[in-house]
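Next, two complexes with chain A in common: one pairs it with chain B, the other with chain C.
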Partner chain A sequence: MNTQKKSTQKKRRFNLYAMVWRTPIIVWQLLFFVGPLLFMIAMSFFLVKNYRMIEAFEMKNWIKMFSKNYFWDSYYLTFGLASLSTIIATVIAFPASFALAFKVSDNVRRWVIFLLIIPFFTSYLVRIFSWYVILAESGVINAMLSYVGLGPYTMLNTMFGTLVGYMTLCLPLVVILQTFSLANVDKNLIQAAKNLGCSPIKTIYSVIIPLAKTGLIVAALFCFILSFGDFVSPYYLGGSKPPTLPILIIDTTKSGQQWPRAAVVAVVMMATLITIAFAALALAYKKRASR
Partner chain B sequence: MNFIRFKDKPGRAPYKQGREFMSKKTIFKPSRRDVLKYSAAGAAATVLSTPFVHRTWAQTTEINMLAWYGHGEADIVGAYEEANNVKFKPKYYAGGDNMLALIAQSPPGTYDVILSDGEFVQQLNAAGYIDELNPADYNFDDMLHEDFTNFPGHWAAGKLHSVMVRCGHLGVSYNTNAVSAEEAASYACFWKPEIQGKVGHFDWHLPSLGMMSLKNGNGAGLWDLDDAAWNAVQETTMSLRSQVGGFFDYGGTFNSLKNGEMQAMCGIGDWITGVLEKDGAPVASVVPKEGGIQWTESYCIGKGSDKADQVKHFIQYMTSPEGQVKSAQMAAYPGFAITKGGRKLLNEVDPKEAQRTGQVDGMANDPITLIKEGRIHYRDIPQQQSLEDWNDFWSEYKNA
Partner chain C sequence: MSNPQSEPLVELESVVKRFDDFVAVKSMDLTIGKGEFVAIMGPSGCGKTTTLRMLAGLEQPTEGEIRIGGELMNDVPPHDRDTPMVWQSLALFPFLNARENVEFGLKMRKVPAAERKKRALEWLDRLGIGEFAERNVATLSGGQRQRVALARSLVTEPKLLLLDEPLSALDAHLVIRMQSVLTKLQRELGITFVYVTHSQSEAFAMADRVVIMSQGEIAQIGSSRDIYREPANRFVAEFVGRNNIISGKVVKVTKGKAEVIAASGTYVVEAGDLLEGQETTFVISADLVQITREATKSENSVQCSLISEEFIGSVVTLFLEAADGTEFKVQLQERELSTLDHGAGDEFYLSWPAKSAHIIDGA
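What follows is the complex of A and B.
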């Protein structure tokens, strides 16, 4: 009896201890995520009169935006570009991550990860503007191609330019996340696969990728989220041609200060990202069917 | 001299020296030579920093400014601040909509001085955001054109609400290696097949659609379009879409013209190409035969400001010859002097810039001559459609 009471008291103390540590993040999320999100949803029903928002509950903004073809064109474009960015980043990053996880020494891996982190020390906008020098028709790449009689090719203000920007933003992060994920794969299982006659390629597909699945999907998810919400690359390297949803938000707020209509676009973006994130996490943590 | 001394013990490890450094400090005893040496250094530092100290002391009155970028920078207001014991605290905006929103969302009296696009002054006044001005305080007799005194919307019921300080013209901006001066004499050059994918837009519907309206021959009625004329403007604009290489903000426009990615630009004028041209880039801006659009900037005193007298004095300064020259030479983006005194002084102190921009009496591209010839139309807002209609079409156009 006494032992049970002590155990309950201990459990209660433990829960209190855990709650103390949990509280800051809960408060933070409530204040800076849930609160603004609810306000944004509410704002999408407001009206604008004389450049001032009027509190209201009207569907006008939703009807207006959903009835416009340019909204849906931007939506499909943004979704498509973010998906493409995710696929490209995942495919490009994997061989590098694989090499970092399995083929190099710990020391080399540490240095490469440090070098991958370095780009984050500088402003993303500055990094994007630096691509002007490289991608311009009079830039570095076209100058090199001209020596072999090629070009000049238009790379700025194209979807290619936008994707270059997305890679600048996402690729280092995807490589880092994939590397950590692959490095945590139990090497004994890889060795066992080899001992049982599994070819190197089959080992990757049958053993390594399934074991590192969660990290690989999370890396891809981060890439999708960052690309989907990025304003800088499609604007400065893609020439806003055609505009993505973040550019549409800016355009909408610039004209007549239509923050409620911009909120409609933002809510749609959030809903899309939340759906994608839940689907990706469900896939990441889905247990393999036992054979 | 050591401020903190510790006994030197040769051969001791640095770690131990560090511990002594912490523990065995003694009292600072400067020698006479130390005193002389550091007094001299102190005096020198004081002398060298005097201009900055003076500038700091001058910050006695803070004037809150709402303006386009560049108007609160040192090249424009630095000399005025020094001379008048004031310090400008600028808040920059981009576009009249943005300006109105910032004022609407701020308490009365937040902004002491407001630089407004000419066409938005009437909205500022209608909303009660600006104070009435006394016409006797300003030298309107010195204006280069009578329209500058009686600029549309600046007066209401015989009362003055804003004073124009500068302007500029929008037309065809182009790379001189890709488009000839003859071709640039018409907006039709934007459709030149050789520059397909190289035509850029400044990402604001008003000047670009205004130019398309001029291309359609709407002349002085470019903002006053009935349904048929508005549809025609949309058709003309859509026909340009295949030529367009991008939609840019100020930085993007600047870069794409500078690196040659864009060889013609719709919606801008010398306010961007002028900066590049002075830097040696092969770009220019002209007012084509169909006409050009004038952007106009005017100063107002914010309603509820308790520094109205200082602001009045500043507006007087900006319309004085000295202020007009600073405005014409503004680092962020150049504008025309609008007073006779300003033009005269500009020709004396910077004849090259005066020549480059046609601000010389008798030149064919003298902006005042262009206005008198009826080739310049003041930027306005759509008369028969709403700004929202124009913006909706602009979004459709960008997505086409």
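What follows is the complex of A and C.
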């Protein structure tokens, strides 16, 4: 009994193997994530005098930003656009993912997933610029619409443009993640539901979605995080007006070297994303309470 | 026991099921009466589960007709049938608690919430797991989850219950207990059970009629006793029970007895329709063979040496070999065995009366 206790203690103390493998990722995270994050939090309390940053611990930047309407407008806009992007991507992706998971052969599924990965071969920036050709007033879509006597419509430098950019960024990833989670649903449970009188449509929301819940939420979470922090789409396709938070950060640093104020915005963004991620994962992994 | 001639509930007429090139069920004809407990038994891949899935509408027959309650069911989708199934994997919904699982079928039939709950709780109580109604199904034991699955299938009061190897995942002692739960329920409710299994002890213990399937075809239909004592063919004789199967040539028929020469010796069987010169195969169940140290004056006697023994509780099977290498099996009670001082390689005499042999078709 006593020796057993000793040996487990020993094991815990000298698990060198696990330590060695764990160390690189811990060092990496500390150096390039936790460190900069702490520095950024500290910087949000610094001051700027004569275009030069001075180390300090003042609430001035926080008070300044929180009292400005443009900050809150930008916050609500970014949050709203990211939420809208998440909803649109989830809804558009679901039928495609459903078909890929249940309606096509393994071979077709493999090829389509391969095709969905291809966009990631090219830089996101390049993919965004290619939308210019399609969305411009003299672009492909307006040219086609003019044949049926419609348009031209302004699509660039609008919120629609921003959302198109978000979809370019998120949609392939959301489809892939949703497909994996749906394909893992136990087919026996689907048959059991039908056997108990559940019609095919009803099966989707009363059995398949609850079973694939974790993966569907994680896919949506990725979409929210990517959209919320994206700078490229709102800048190039949305015309940066009104500015989203990432654009606000850039504008703030440009105007008068206000790095500390930009840090305030960045810390608020980080806090928002961490809160959302925790809430989403808690929901995704929520187990049924058992009384 | 209900007889197969009672009003039919399920009728399969020349049903064929093909998956691409593979024929899972070959022209099957089967009628199952109202209130009957039918077990479909066979080795894996024999088509028994496919047959059950066709009754549930999860597979469509390639040819032939399936009728339930006189209605042609071939093209009726599974959710429009009243044919609940108890699954081998149980297939309980992990995102619902025990009660909600039971309520599922009622919810699909748009039964109001209050009545749903009441009926679900009644069934859980009836199966002795009322106290676990609000528990997450993952936290229940195998036996308890089995009962939830049963309650879920029975709560809609179907006329026909399909069971797909429902007890195969349970511990041996629970299997016996669930068998009595199932037979009791079936008697009380008077509904038809179609029970698919590969276990002869389950099939024989519960079913009114047993259907033995082999390679997509029915090998024999009959009561447990018929199938055990009078196997219709070599497949059934090998698959069911412990049988000694002997093939030989009839050399003499006198006074209702036939003499058969086989590799391991000459045997006497009841002649029946046997003719002189005919090839025949007969079966002697291992539990009808007598084993002795000394030769007996029995009609059939063969000298063998003991190879091995298999002990399964109160029954022991001895494996012996005749001079020509033919294997013989003898089944006896453990307490009988203890009086027979035995060891591997010992010589014994096996004997049985002519009437114990059962002649099967084919050679």
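Heads up, the rule we're going with is that the second predicted complex is superposed on the first by the 272 of 291 C-alpha atoms of A that agree within 3 Å, B and C clash if a C-alpha of one lies under 4 Å from a C-alpha of the other, contacts with A are read in each partner's own complex, and residues count from 1 in each chain.
Following the convention adopted for this analysis, a contact is a pair of C-beta atoms (placed from the backbone, for glycine too) under 8 Å apart; a residue touches a chain by one contact, two chains touch by 3 or more.
All figures in this text were calculated on a predicted structure; none of them were measured in a lab.
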Clash-or-fit label for the pair chain B, chain C on chain A: fit
Touched partner set for A:188, first chain B, second chain C, both or neither: second
Touched partner set for A:35, first chain B, second chain C, both or neither: neither
Included angle at chain A between vectors to chain C and chain B, based on C-alpha centres and rounded to the nearest 10 degrees: 150
Touch count on chain A, higher of chain B and chain C: B
First (chain B), second (chain C), both or neither touched by A:257: first
Which of chain B and chain C A:95 touches, first, second, both or neither: neither
Partner chain(s) touched by A:73 [first = chain B, second = chain C, both, neither]: first
Chain B versus chain C as contact partner of A:156, first or second or both or neither: first
Overlay on chain A, chain C to chain B nearest C-alpha distance, Å: 37
Common ground on chain A, meaning residues reached by chain C in one complex and by chain B in the other: none
Touch list for chain A against partner chain C, complex: 186, 188-189, 191-200, 202, 207, 210-211, 213, 287-291
Touch list for chain B against partner chain A, complex: 94-95, 97-98, 100-101, 104-105, 127, 197, 200, 203-205, 244-249, 251-252, 255-256, 259-261, 387-388, 391-392, 394-396, 398-400
In the complex with chain A, residue positions of chain C that touch it: 56, 58, 77-80, 82-85, 87, 89, 91, 93-97, 104-105, 108-109, 134-136, 139, 152-153, 156
Touching residues (chain side chain A, partner chain B) in the complex: 50-52, 68-70, 73-74, 129, 132, 136-139, 154, 156-157, 235-236, 238-243, 248, 251, 254-258
